[in-house]
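The structures come next, written out as structure tokens.
Here come two complexes built around subunit A, the first alongside subunit B, the second alongside subunit C.
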Partner chain A sequence: MTKLRTGKIDISPYLFILPSLLIMVAFLIFPIARALQLSLTDTRLLEISKAKFNGFDNYRAFFSDSSFGRVVLATLSYVVAGVSLTYILGLFTASIVNKPFWGKGFVRTILILPWVVPSVVLVIIWKWMLSSRYGVINFFLHEIGLIPIDFSWLSNPRFAMCAIILATIWKQYPLGLLILLAGMQSIPKELYEAASVDGATAFQKFFLITIPGLRYVTTVLILLLTIWHFGNFVIIWLMTRGGPSDITATFTIFTYLTTFKFHKLGMGASIGTVIFIISLLFTVIYYILFVRKLVRV
Partner chain B sequence: MEWRKENEQTASHGTREVGIKHFFTVEEYEMKRQFTCILCIALMVFTVNLFAAGTTEKSTEKVTIRYPHWFFGHGGNFEQWINGAVDGFEKKYPNVHVEREQVPYDTYWDKLDTGLASGNPPDVAAFWFNLRKYIEAGALMPLNDLIDMNDVNKNFSPFQTKSIPEAAPDGKTYGLAFDTGFYLPMYRPSVFRSAGIAKYATNLDEFFTQSQKLMTKDRYGYAFVTQAGNWGEQIINLSTWTIALGGHWGDTKGRPTLDSKEVIQAVTYLKKLFDMGAVPKDVAHGDFRKMFATGHVGTLIDGVWVYGLANGWDPETKTDFATAPLPFPTQRVAGFYECNSIFKACKHPKEAAALIQFISNDEQQQKIAEMPHFPARTSIFTPALKKALIERWPWYAEYINHAGNGVPMSPLSMGGEQMVETQKIWGKYFDKVLFENMDPKEAMTVAQKEAMALVK
Partner chain C sequence: MKGIRKVLFFFLVVIVCAIAFFPFYWLINTSLIEEKQLFQYPPRFFPSKGLLSSYIHYVLSTPISAWLRNSLFVGGVATVASTIFAILGAYSISRFNFKGRTPFTFLILLTQMLPAVLLVIPVYIIFLTLRLNNTLAGLTIMYTAMTVPIGLWFLKGFFDAIPIELEEAARIDGCSKLGILLRVTLPLCVPGVIATATWSFIITWDEFLFAYTFINSEKLWTVSVGLSSFIGQYSADWGQIMSGAVLTTLPIAILFMFFQRYLVSGLTAGSVKG
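Right, the complex of A and B next:
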């Protein structure tokens, strides 16, 4: 009989982590496995019991769908533009707030506020601001002669994604601000003092001290932002529902439409699996290219 | 040390208690063991009670019917009517309790679908042209043996007597309609007077001229859904125009006809209105109905419920509201039904059938007409009631005229899931016409090809 303390096998550590393992299996491993299983069947949402195995037919149907190209382009443009602009704005605001000035605490609080606004409220605010009939953004841009007064952002094929990215950046940049600010505050002040003594300009200090000093937090932040952008559904759905004509339909929008509007649960699961594999591949490649180097250093 | 030595000697027996005794004194160990036992017993009792709660209905308790509807929580006349109807039903059948589930319209179908998929559907639910999808999924029970079909066939709208059986592959009746709707032109006479328009347009050329005359800095001539990606609502406007032009977007064999002359004409005319600037951009039904009520849209082609909504936004619409015949080559009016159906999983079908019949009885249907809305039981339109309604609301006459000849706005023979995907395809290519200036004929030809790929 196995002994707890004496003997060769000590099972007490496993008993302690068993509850967490059970939760992970129930809420992570099992759903992923079930989704993989569903993706290989012709399951319909309202007739789950009548599902039949159909191999990779769902994947073939997804890759040959007429909207596939638009979905990939929409996802890539949303993720790349969203992540990079969110990072840049987060870096800019963190640089401002990192300096001492009167009212810094108040300014920091105001800058973080967008993050606490629920996504639904955020979309309502941005739709009001971008409205072609009474939007304040249209009013100002029209006053400076850039756009016609009734310019419609959300139905314009070239600007619909821009509008979504704007709203997303506004929501997410505080995350960048907080993480980068914490990173900046961990950079030793002596480095800046030494640089000043050597006659470095502010520009040089920023690019030669601040940016390299932020590399650890940058790798984490980029990874988090990418995963978040990849999986974002609420903002895109509420702003454009993937329109006009699927131009803003990212993978998540396509998954939702396929599963809950067209009831093709099997095909929806296959799209979800593709998203999962892409996210996993990205994380692994990112780790190999960026994180592992930093850990070794 | 003595205690430890004693325990080491007994360690060779290999019992678990010996291992634990290395950390605690015997008294502490006994106390902890007793506490653990009591805790486990308490947890077990709690868990058993938790799972046992509500598993069976006692014979002395009421029967409960779960009934989600978007009217609950809708506000205004709709909520008042449905709550009154359910109150009346519970008073008549005191052994039946109706669990009213308030679900907004936008999320109604998602909630229904996920409930059904998870094996937890309600007992009764409302449907419209998506009825076929649920019949094909085997989720609903036929009502032919549960409701009074003689009453239904004699007293209800053709939407009930023809459209609902046509939605079922076996021709049975899977829903009992509680209201119907028709899309007709409506306008505010004061707005027309201010634009110098004496009479509503009688053909399409006049309609375009009228729309232009109505346009001012603060007002649009007409409105339809121009919100990108909102194909679920766009289908209503597209169907209304296609049907009025004499066609349909699906044939009697369930195949799409997106490249038909009438569909292409409908898309072309709507694009013309859009390019003229006669319609507001980025609007859905909720937006332009309010704009109409407040005088910012000159005319709509919409349903009778707009009157009640408009009153809430501008009380002057109570007397400043009119309807007109369609300014199209035909007077084919697009229409729909909303019906209550019973899920197969319902444990009390007789009580559920009593509920849906009560909601569609003479008294409740007359209350619907007096909302004003449009009932499914057309036999209530006695000459006296017609006279009373038209005296109160002269515009209502146009709706009564079409009570018996509305055209279902969705092709009834089209498979339930195929219908939704076809609507999405139509909406996608309509967006391309509106926002990317794709040629309407080319767009609808490509849309038809994509939609035909769905036909089995």
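Right, the complex of A and C next:
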């Protein structure tokens, strides 16, 4: 189909992709090349023209910075807790909606709804619910005697990250629900019927049929969620701005603070580049280890 | 035994839904409660009087209508542009076998790994040079670029599902490639186009980082930036903030309710089929 009768190369496939290609190269790919170049300079926000090349100094400075370990820890806890809790909650709600019952469509809509809430609105809701003294969550937990009424989640070094993760999974679990539900519906019903005939319990069916049947979907979902959590900015930024005392500053927050608060553009670009390289490496390794095998089967 | 199980399951469903929905309930409740009653112990679970006063205050004291207009403009233009680009591009990679198809597909995937927070730094400098910073035009361009890869991926899945045989007849009749796409394939792919456009629009409505970094004038803010400007103020007036939050969520929630079916099929098609 690619060649006209005259034997010349048909350019129409290229013309079709041209608009997408141009805008992606101009505003996504070229900027990244520019960012890599910036990361090797000492560019500062308000004096961009005075920038000087300084090799890998930014990277060296970041890796030996006293906050480096804290940033890694914050990122890891956010990603690991966020992804696993989102997955578990998605699996749980998907198995509910996968059962036939009256009003299922309505229940599904209710359960997916958090997914379309704009992130800023999400943060506002949770900040108000978690607010000290007047927050409704504090009210419930105070009533059952767990916390003092003026407990402040977001300024508590131990619980600030918990609060952020709580808000994050409320927004993200519907994605898990949708993808896992689609996976569940693609498992042949005969498997369950055969298992019932053999007298399998619901638990056995879940762990021996459903979970293995979801292998591919799970692998893809975990990858999507990990990249999303790793790059998430808005929820953490609006909840705490990385505080208290940088304890919730993940890679993305640290990049933004360095660039736009401390005006170290070159330094920020190098931390951002580290995020990009980790995402890329993670995806490639993950793909080779898990996804490729499943596609072949 | 079966009856008991059914009742237990029913309660489980009710509890799960109640927990999932509670934040929405609290959002609406707070937006309707009278100012003075917000700071009480125990908190009020039902609004009683002054129902819409927070909304009236919010609409009168903030440029919310300008923010809604800006979001609608930026999101609308970006959605239309990126959907058109994505239709053409996705059709090309779904139907034609040309040199550069695989690199192009990889490029699409690569863009999904770009951290927005890295992207925003060079784009900030580029926009300063092009004088696009603090303009809605700049934001629109960026949103188009950000939503194109997702649209390509979505629509490729939809085009792949349409049998190529349907196009053969038109081809034999001498219809051009663009003609086939517009007259034969696209009409069959309307759900896919709706899904793509809805998804893109939701993304632009939600976007915060770029709008927050590039737009300085209050009049040019989008809804999310406008709303965020109230977070962390000392005299936080939660009733008004919540009514702003409701007004920000409403358009997107309605859109979602309408197109939920298409959106879900578009999202899951790619990930389940692999």
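In the analysis below, the second predicted complex is superposed on the first by the 276 of 297 C-alpha atoms of A that agree within 3 Å, B and C clash if a C-alpha of one lies under 4 Å from a C-alpha of the other, contacts with A are read in each partner's own complex, and residues count from 1 in each chain.
Keep this in mind: contacts are C-beta pairs under 8 Å (C-beta built on N, C-alpha and C of every residue); 3 or more make two chains touch, one makes a residue touch a chain.
Remember, it's a predicted structure, so these values are computed and weren't measured experimentally.
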item	value
Touched partner set for A:Gly243, first subunit B, second subunit C, both or neither	first
First (subunit B), second (subunit C), both or neither touched by A:Phe260	both
Which partner, subunit B or subunit C, touches more subunit A residues	C
Which superposed partner A:Ser20 touches (first subunit B, second subunit C, both, neither)	second
Which of subunit B and subunit C A:Ser155 touches, first, second, both or neither	first
Partner chain(s) touched by A:Phe207 [first = subunit B, second = subunit C, both, neither]	neither
Which superposed partner A:Phe63 touches (first subunit B, second subunit C, both, neither)	neither
First (subunit B), second (subunit C), both or neither touched by A:Arg44	first
Subunit B versus subunit C as contact partner of A:Phe53, first or second or both or neither	neither
First (subunit B), second (subunit C), both or neither touched by A:Gly231	second
Shared contact residues on subunit A - subunit B and subunit C	1, 48, 133, 260, 265
Interface residues, subunit B side, partner subunit A - complex	11, 14, 16, 19-20, 22, 110, 113-114, 116-117, 133-134, 137-139, 226-231, 277, 280-282, 417, 420-421, 424, 427-429, 431-432, 434-436, 450
Residue ranges of subunit C in contact with subunit A within the complex	9-10, 12-13, 16-17, 20-21, 23-24, 26-27, 30, 38-43, 84-86, 88-89, 91-93, 95-98, 100-101, 104, 107-108, 110-123, 125-126, 128, 141-142, 144-146, 148-149, 152, 177-178, 202, 205-206, 208-209, 213, 223-225, 227-228, 230-231, 238, 241-242, 245, 248-249, 252-253, 256-257, 260, 264, 267-268, 271-272, 274
Parts of subunit A lying in touch with subunit B, wherever the complex brings them together	1, 3-6, 44-48, 66-67, 131-133, 150, 152, 154-157, 160, 240-246, 248, 257, 260-265
List of subunit A residues in touch with subunit C within their complex	1-2, 10, 12-14, 16-17, 19-21, 23-24, 26-32, 34-35, 38, 48, 92-93, 96, 99, 101, 107, 109-114, 116-121, 123-129, 133-134, 136, 139, 149, 170, 175, 178-179, 181-183, 186, 216-217, 220-221, 224, 227, 230-231, 233-234, 238, 252, 255-256, 259-260, 265, 268-269, 272-273, 275-276, 279-280, 283, 294-295
